[in-house]
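Below are structures written as structure tokens.
The two complexes that follow have subunit A in common; it is paired with subunit B in the first and with subunit C in the second.
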Partner chain A sequence: MLRQVYINKTVLDAARERVSYVFDEFDNIIVSVSGGKDSTVLAHLALSEAHRRERRIGVFFLDEEVVYDSTIKQIEYILSLYPKNTIPLWIQMEFALTNATSLIESQLICWEAGKHKIWMRPKQANSIKFPPWDRKKETIRDKNKGFGFYDALDNFQNSRENTAFLVGLRATESPNRWRAVSKNPGYKDVFWCTKMKHGNVSMYPLYDWNFHDIWKYIYDNQLKYSNIYDYMYKKGMGLQEIRVSSLIHEKSFKALVELPEFEPKTYNRLLKRIKGISIGNLYGKDSKMLRVSKLPKNFKTWIAYRDFLLATYPDPERKPIFEKRFVRHLNNRYVARQQCRQLVLNDYENNLPVDNKPDPREAMIEKWRALL
Partner chain B sequence: MIIKTKKGPVKLPLLDVRVVPIGQVQANNYNPNAVASNNMDLLEESILSNGFCFAIVTVWDPDSEKYIIVDGFHRYLIFRDYLEAKELPIIVLEHDISQRMAATVQFNRARGVHQVELMGDLVQALVQQGVDDEDIAQRLGMEAEEVFRLKQITGIAELFKNQLYSKAWEMQEVPDDI
Partner chain C sequence: MFCFYWRGFPVKYKVDCEVEYIEYADIEMYKYFYRLLEEIGQDSLIVMDSCMRTQNRSELIYNCAHHYLGQTPHRIIFEYFPIIESKADFMVLLDFENKGKYKGKGFDYVYLQNEDIKIKPVKVKLETINVETTEKDRERYEKKKEQLFDSLGEKDPDTIPRNLQILAGDIKKKAIEPDNLYVARNKRFKLDNVLSYKEITGKGNYSVIDIHYRRLNFNDFLRTTGMSKIKYLCTTLPIDTVIINEFAKWKARCDAIYAQASLYK
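And now, the complex of A and B:
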């Protein structure tokens, strides 16, 4: 049986050994960064090792355009740590992002050609501005969704071979993903990695780090980190919830509520860039609007609300996507509430899948009816 | 009196303030604005320390023979219930019902938010002027904890400096009977 066994080392010593192992085994190493705290620590560990060994490694950032300015500053900082040991791989090319705040403009093509006047910021001088892979071999996961973030990621990785991609995945942060990747060794006898095509491997040297280890490392090494963490802390928010990625997808739009207080300029640019931003700002945490946790007072049931939302859904091209999907679902209040959420957040991509099962509340009522 | 601007003349109803018995003023029945109790206390504090700086905006309703509030309902509540005042300064607009509703929302929503970082600087400045934390909390309508958080300029990394690193672990094949 595969189990988690404590070894007599600190996570820091263990991570240094793991990074050193990767340098021994691979000639080509690329560390993926998001601007968040975990990838900052990972990049620092990897770049320090590259510096010691006088080698160069790639620092990969897939730029979604609609991100905090603080995220961009953080990427610039990471690239400035050991410039002689760094190969910047800052990708600024077109791909589709979900915009959960608008029913009309449900996708944003980041860095869209012809819209450079309203881009959040100009492209970096040293960035990669066009797909660095063979367009004829380009793959796409789901044609309905269009070429998105993960497609850009897949194609970038597939354009390389025998490369170790270092990723800041931590087991305590993403237990489900960890369970999925750690079932089998992905490279030789190493469990903390996933095998990919062309001899590439995705590796997770920080997998056993806890939240406080990350912060201690940042403090001990006097690293800079994204301002967003301090802003959110000052607002009394849980540090665990903070994400530094795209501000508009179905899991991050809540960030728009505080954005004008943190980065008013970013917010203003976003308002001009895409529709729905002020809705995300005003109602991002509203239980009857974008959270869809309370039923609006003019509807008797979630089923009635769902039918109304579907009947009035404004995009005729995408309406059948919902209709076809919902036909396959059970018709109860529990399912209907989740369908309402998909409709309100315009989730035609099905990023927030519906838990299609009998209403647990009805089962409980039945049980008590039988007892009484 | 008016002031000329690039986009035409702007009327100045604020110059026609009248003080009326508070009983002649009445709330409207559509105001969606809600003020939390901590901010009501702050509003009271503001009126006591700054005086009543902006008149309540109303329209005259001939049916009920009352001035109906377009903007300033919560200041009216402070005067009526918290301070038990007998009179209230108002200005009167000539608006029909749809104009009134629009005006209410315009007054409520066309406002800014405070940038967290600059609020932090502001609190720092007050501290340097010798105002103590409790006084800052009272004057700015904050909880003690908000003052504390805004005062922390060290950043979050500092909070974790005395932690020890966790023990590392591995995935290992172990016999099933353990």
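And now, the complex of A and C:
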């Protein structure tokens, strides 16, 4: 658990000072938004400052197409807060997303040309519909995986110079990630940021906020927020657990279980858009299916299950990615279970990395052997 | 007034106002959830009685309870033992009192003084009744142990001590006296004076053949029977040493909490 030290200043005052500092230091500022509560607060803080200084800042949204309708409404709301101070950077271009719910259609090319009839919704009139960077300089992290979400993000950032990208990252949400990004100052003596190429800096003015600080700000300023939070709250989920995410990739497919209840029309369109959606809806939280936490009865060991999944993996282009990765891993039950999860969820991008260590169950067995 | 209770220990309060009694398992049901969110207000009193039924602080059912509890400042939390197994379990009770305040925090004895907590210690003593084992019994034990390790497969390693306790219990059969009452894991002895944990529903004095492997169930047994002295049939087999040590550790954890809390008088 991250230890928080309280000082005689509110997080809101501190965040306002940080945002003000960014405006003092940078001519170009872009706020990244996802439609979630954190980025809504950050965008409001930054746009309020822009309004006060009569400046214009970019509001960047990389549209994955397969998102909640509520997310789209929220982005439209953010763009409407201070239109005179906003440069809309709503990107709706083709890139690949992992589809964790189907091995047959393992990728979704969002906004794929020629499929506009089954797109989740038409493109926005004011969106950027083609890559806003020099295609000759375009980079790609892994050619085997194809041009994905993070490639779009990288290229967009690399197309800018001396720009501050404001991101709603909070340390309490991901202490490990926070430790990784804040180890060294990213700009002058500022630790709440990360240095990037071309003089760009990714900055986190809300890094010390807790989730209740976010909700208090939303309430105090009467901001709108995504309906998904209300739906999830009504389902009895804890305030810290409710989050707005994408709908199909390996970390978010669980959202499909409740999607028909929350947004039936979105679910209906998604069913037509890509394969595997009903599987995600039925088995997204099933321990023997997509959660991969219990071994199916027809396998005696996780290693046998892993070998079966790998041998029958249907995509010949992606299969070598898994084979090459697994060769470097230990061959035990603990690791094999995680490998099964990667295979079932089609995680060729390694977004659910395998904790490659000896099986803790072995230690338990040794303990009982010594005591009994 | 709303009272959430567990079905094993139903309650009835003598109060002047209207009381709605809701069973623990119903807390998360839609039919109660939405209605109660509307009905529980600032002037409601919520009583949580014996609702610490799982060690997982993030369990959905606890979250539902937190929603109700967050709607009123009037809350009373009752529990027979302060923990299920580990000290961290006490945080479940503190979360009932104020979820936001203790979010993500581990147990600290200082909370016992900082909060309005009163404890009436439940002291439990374990006495052993020695049961002799023969060379043959010990050989049988060793053989069973090896067989359990060899055939473990994907099963939970904790099934090994559970199975060995059953074997040790069988060896204790010769020490069962017809005039005493006993409790065992199941009905395998087919004796009228040996009951399973499920069958015991009231006060009584039972000698224990097998201690229930789930601490929560054993705690329920202690509360149901009101026993303050446990007579445990004990062999010299290693499994009984493990069981006695584990019980002593649990008792020490409870006693440490009793020692640092304000006592209810």
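In this text, the second predicted complex is superposed on the first by the 358 of 372 C-alpha atoms of A that agree within 3 Å, B and C clash if a C-alpha of one lies under 4 Å from a C-alpha of the other, contacts with A are read in each partner's own complex, and residues count from 1 in each chain.
Definition applied: a contact is a pair of C-beta atoms (placed from the backbone, for glycine too) under 8 Å apart; a residue touches a chain by one contact, two chains touch by 3 or more.
No experiment lies behind these values; they were computed from the predicted model shown.
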Side-by-side fit of subunit B and subunit C on subunit A, or clash: clash
First (subunit B), second (subunit C), both or neither touched by A:Gly236: both
Contacts of A:Leu12 with subunit B and subunit C, given as first, second, both or neither: first
Touched subunit A residues, subunit B compared with subunit C: B
Touching partner for A:His212 - first (subunit B), second (subunit C), both, neither: both
Partner chain(s) touched by A:Asp220 [first = subunit B, second = subunit C, both, neither]: first
Subunit B versus subunit C as contact partner of A:Pro264, first or second or both or neither: first
Touching partner for A:Arg333 - first (subunit B), second (subunit C), both, neither: second
Partner chain(s) touched by A:Pro131 [first = subunit B, second = subunit C, both, neither]: neither
Partner chain(s) touched by A:Arg361 [first = subunit B, second = subunit C, both, neither]: second
Common ground on subunit A, meaning residues reached by subunit C in one complex and by subunit B in the other: 1, 212, 233-234, 236
Touching residues (chain side subunit A, partner subunit B) in the complex: 1-15, 182, 191-192, 208-210, 212-213, 215-216, 218-220, 223, 225, 227, 229-231, 233-236, 239, 258, 260-262, 264
For the subunit B and subunit A complex, residues of the former touching the latter: 112-117, 120, 145-146, 149-150, 152, 155-161, 163-176, 178
Residue numbers on subunit C that touch subunit A, as the complex places them: 28, 33-34, 58, 60, 63-64, 66-67, 100, 103-106, 145, 149, 152-154, 157-158, 160-161, 164, 238-239, 241-242
Touching residues (chain side subunit A, partner subunit C) in the complex: 1, 172, 212, 233-234, 236-238, 240-241, 295, 300-302, 333, 361, 364-365, 368-369, 371-372
